[in-house]
Amino acid sequence: MIKIRKNLGSRIFDTLNTVMLVFLMVLCVYPMIHVLFASVSELQKLSVHDGLMLYPLGFSLESYKKVFEKSFIFTGYYNSILYVGIGTALSLFLTSLGAYGLSRKNVLLAKPIMIMVVFTMFFSGGLIPTYLLVKDLGMVNHRIAVILPTAISTWNLIIMRTNFMGIPESLEESARLDGANDFFIFAKVIIPLSKPIIAVMLLFYGVGRWNDWFQAMIYLRDRDLYPLQLFLREILIQNQLEEMRFDEFDIDSLMLAETIKYSIIVIATLPIIFMYPMLQKHFVKGIMIGALKG
Amino acid sequence: MRMQSRLIAGRLKIKVDGFTAKVKRDLLRHKYIYIMLLPVVAYYFIFHYGPIYGAVIAFQDYSPALGVEGSTWVGFQNFTDFFHNYYFWRLIKNTVLLSFYLILFGFPAPIVLALMLNEVNNTRFKRTVQTVTYLPHFISLVVICGFIVNFTSRGGIINDIIETFGGERYNLLLKPELFRSIYVVSDIWQTVGWGSIIYLAALTNIDIELYQAAMIDGAGRWKQLMHITLPGIAPTVIIMLILRMGRIMTVGFEKVILLYLPSTYETADVISTYVYRMGLQKFSYSYSTAIGLFNSVINCSFLIFANYAGKKVNNTYLW
Amino acid sequence: MRKISCVILLVCMMLSISTAFSACGNKKDSDLGQTEPGTQKNEQDKDSLKEQKKPLDSLSFPITDKPLKLTWWGENGAHKYHESLDDFVIYKKLQEITGIDIEFIHPPLGQGDEQFSLLIASGEYPDLIMFNFLNKYPGGIEKAIEDKVIISLNDLINNYSPNLRDYLKSNEELAKVVRTNDGLYYCYPSLLPDPTTRSYIGPFVREDWLEELNIEKPHTIDEWYRAMVKIKESGKSEFPLSFLYSLLRTDVFAGAYDVGLNFYMRDGKVYYGPLQPQFKDFISTIRKWYAEGLIDPDFATFDRKTYEAKVLKEENVLFVDYLSRIAQFTSGIKSNNPDSACELSPINYPVLKRGEKAMLGHFTPAFRPFVSIYITTANKYPEESAMMLDYAYSEEGNMLFNFGVEGQTYNMVNGFPTYTKDIADPETGKINIAGQASISGPFKTDPRFFVQQLILDQQKQAIRLWSDTDVLEHQLPPISPTAEDSKEFANIYGEIETYVSEMILKFILGQESTDKFDDFVNQIKSMGIDRVIEIKQTALDSFNSR
């Protein structure tokens, strides 16, 4: 957007706006910085540290070395990439099909189906009946159990549907006049016009799947199938657990886990963080398309 | 899977035929749409409606070994147990209030951020802010709560600031009256960037011509915001609000459990943490399912209300 | 109208389909989980009784020549060393000796409860389960046997587990603890028989600073107070006393007032601490200490990391913590500040008058139900399992489970099993790998294992000082109310527990006036504490008459 002239009020606003955003940025970058710095700090210095961390306490890559000695990091990575890749593709496919169908006007059963879909956001059978169902389908301890039962997020379906509804009908009409059926309109008209929302869905599903440990925890028995997040979680809650057990006669130094904890967070988080800048381009492209048309 | 869903569709067709010719005609007319909807409907049937009978254990004294069929029926016993709980009203109040503050302050926050970003002209700065603000979303709650405990402790940074302004140091998490503020502020901190993504996407959908036309008409930035930007993202905002209202009784237990103490139960203990302490730790499946069902009913009524209001105010609705 | 009928139609269909799903699902369940293995097992029982009329006197190994595989489900408490118990030398050796192959299935760390409920609901049980059936199975252990989840072990132990059988016969006190009121045995127990090694949380102090300030080691509550005031005045430490709030549960200060924070017994009668008049004195003391800044003001919100950072920076003088911390803090403080003269030394559980003994203190029960092994109805080889599990209670098995393999993890030095240097290194914590005590499992923990965990003389002293309380007479044994009673107990006590824990902390922090103490007691009474005590009393009485 090109602003031709800027009055004083506008300039004051811009300055304030920038200052506040920078402030917010500082607040939001802190946790990641803390984790990053703690992961490269020297164990001993970290153990007596308490409070803000504004610079690494010494420098040591010992904890990363220890992490990479653990074979589960590689197993976890492999599985996570598999779940994210296949899972996100499947989710996106099903969600956009559903969103398209449910966003069309004059489809008689669309409304009851929509109600049926929304209903599931509030009523669920709970953990055990769901588990029994998945078990009866023979999926327990197979990779598909992590992917299929959560293939569609109702929340995302609704967002995508809302977005499809906002696309001007005129485009669809003209295609229909040319004799196009719904498959064609979906693939050639709606999808190309929905790049920003598809980017968002990719991000939501991708990140959701990457961070998910619960499905894997419920359905997988074989540690070779665990995603990275489940291994990470085991390490994160280890300390808490020891405190809770309380009965245990423990001898181990907790500090050992402390730096490892941070380096695993870094290793498990970095790849997915880069997903955003990659997809962000498409938001901007959305703007560009609009601008070109203008 | 496929077979099953085809079966369902088949049955669907037959029954509907008998019912009304209009449905039949519609199925034919929109056959491609129905074909596309088929896998989606099948998914919901199998993975959501399949297990839903499980919720009946709320009316049972459920024992996992006996299963749903074998367990004793107790009617509304589990519900009345909950209603007669000494803490029933306190739990309701805490849940609703915490949720209310989360909606009041937490819901607009990402919208405001998105709008602020929208006013930034420097693309590189804009992108950096976006990327950075969504970082806290990726840090596990366990770690984030560690930070919160640290910041609010007696020697923590917040107390440093309080002392600078002449206040007295005090561990903030020990004060029941501060719990909700700490929860809401930290929630905004962790989710504002991530939450703004959906609004940023909505903003990109606004036709740029509208802005150009407005500028030619001499509309200032404020006017553009009020008359173009806000109406442009209104449908998304309203849908998000409706969905949010439908979760009013749903406050995640993990964060509360990591932050509360017996001395702050009076404001911090919510339904989900209570269920966690009762149900999960003591394995009373039926009781916790009953409470879940109760929550769902309340949530649903809020959802229906919000949907109705959305329809009236902006003609935006879920169904 | 038509639209509405459409909706109704759809909902009807949904329901019919979902019930259809559920129906076939469940049928399958009961087939696999209950009837089939159950009947099979019974037949096998009869068969084997014919074959084996006389109970075994001793075991011979290997148990079987045929390839035999058992599944063992349970949390891996030693997760940080190896991801599977299969990788520990002990379990490798056990499989080698008995000839039975064990497949370990571990739920993800910290998710044992969820996984257990799924396991039970699915009806497909593993052969052996290591989980707290006693306290966590809804309805209790008798219900678990009645529901055909696990089997009662009386015959198996009697006929196929000579070592455990003989051990329990000669230890009636322990045997009483590991069976039900009706005399049913239900698990291969994890035991800590030696009472001198079971108090490992207690108070200790920076002795070097006390000497410097010319303060005597405090014994009584008054001496604690005077010592802390003096330390605070000296400026040596802003907050002399530091501990994690959860450790207050060890009754470390309450014991001095002849009261506990929870249930305890005296002369066969059950009491609930917060109801007693002395409880007010105990609470007032802690409250006063907190108000005067003698306790670290963050003590209630500490996590271990923050708390330990302060300890290592030498900010505190008195502590309540685990035995192992005495050594860890000493070396941690010294490596952080090489000039530190740090000397941590244990002190008695405080009392009111010198010469008294604290009524309660930390004391771990001899029986750990959560790391004991339960045999399920799905197990097709109960006799072989019984023999395999019995090995741990034999002389050689005891050596294996506590010390590992001779020559590899330990050597006999003057008749004393001494860990090899590598294993005994406290830094790597490898001692657990051999010793199993931190992992724990279905065996007896040997006191000679425990002694070798003590690095400093102060720790040996601590064991002596901390076990010098009257806790044995006052701690409730692991009693189990009837299924009905335990449900009622959970309902009433759930509310009371919330209320009490809330009020205790509020009293301590000064958020609630101590004048309200009478109201507090009345409130607990009105919530039904009498019935709760009655349930506990009934359970205790039936325990005593076992």
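Think of it as A, B and C in the order they're written, each chain with its own count starting at 1.
Just so it is clear, contacts are C-beta pairs under 8 Å (C-beta built on N, C-alpha and C of every residue); 3 or more make two chains touch, one makes a residue touch a chain.
Worth saying up front: this structure is predicted, and the values here are computed from it rather than measured.
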Checklist line | Chain whose average C-alpha position is farthest from subunit B's own | finding: C
Check: Pick the pair with more C-beta contacts: A-C or A-B?
Finding: A-B
Margin query: Between subunit A and subunit C, what distance separates the C-alpha centroids? Give it in angstrom.
Written below: 38
Next item on the list: Express in whole angstrom the distance between the two chain centres, defined as the mean CA positions of subunit A and subunit B.
Entry: 16
Check: Touching two or more other chains, which residues of subunit C qualify?
Finding: 6, 14, 21-22, 26, 29, 114, 117, 121, 303, 305-306
Item checked: subunit A: positions in contact with at least two other chains -> 50, 108-109, 111, 113, 115-116, 128-129, 132-133, 233, 237, 240
Notebook entry, point to check: Residues of subunit B touching 2+ other chains?
Noted result: 22-23, 46, 49-54, 64, 68, 150, 155, 285
Check: What part of subunit A is in contact with subunit B in the complex they form?
Finding: 1, 3-4, 7, 10, 13-14, 17-18, 20-21, 24-25, 27-32, 34-35, 50-52, 94, 97-98, 100-102, 104, 106-109, 111, 113-118, 120-126, 128-130, 132-133, 148-149, 151-152, 155, 157-159, 162-163, 165-166, 181-183, 186, 196-197, 199-200, 203-204, 207, 211, 232-233, 236-237, 240, 265, 269, 272-273, 276-277, 280, 283-284, 286-287, 290-291, 293-294
Note to self: Show me the residue ranges of subunit C that touch subunit B in the complex, using the header's touch definition.
What the structure shows: 2, 5-6, 9, 13-15, 17-19, 21-22, 26, 29-30, 113-114, 117, 120-121, 123, 136-139, 143-144, 147-149, 245, 297-298, 300-301, 303, 305-306, 490-491, 494-495, 498-499, 501-502, 504-506, 509, 511, 527
Item checked: Residue numbers on subunit B that touch subunit C, as the complex places them -> 8, 11-12, 15-16, 19-20, 22-23, 45-46, 49-54, 63-69, 81, 85-87, 146, 149-150, 152-155, 170-171, 173-174, 176, 261-263, 265-266, 269, 277-278, 280-285
Notebook entry, point to check: Mind pulling up the subunit B residues that touch subunit A in the complex?
Noted result: 22-23, 26-27, 30, 32-34, 36-37, 39-41, 43-44, 46-55, 57, 64, 68, 113, 116-117, 119-121, 123, 125, 127-140, 142-144, 147, 150, 155-157, 189, 192-193, 197-198, 200-202, 204-209, 211-212, 215, 220-221, 235-236, 239, 243, 246, 285, 289, 292-293, 296, 299-300, 303, 318-319
Check: Okay, in this complex, where on subunit A does subunit C touch?
Finding: 44, 47-50, 72, 108-109, 111-113, 115-116, 127-129, 131-133, 135-136, 213, 217-218, 221, 223, 226, 230, 233-234, 237-241, 243, 245-255, 257-258
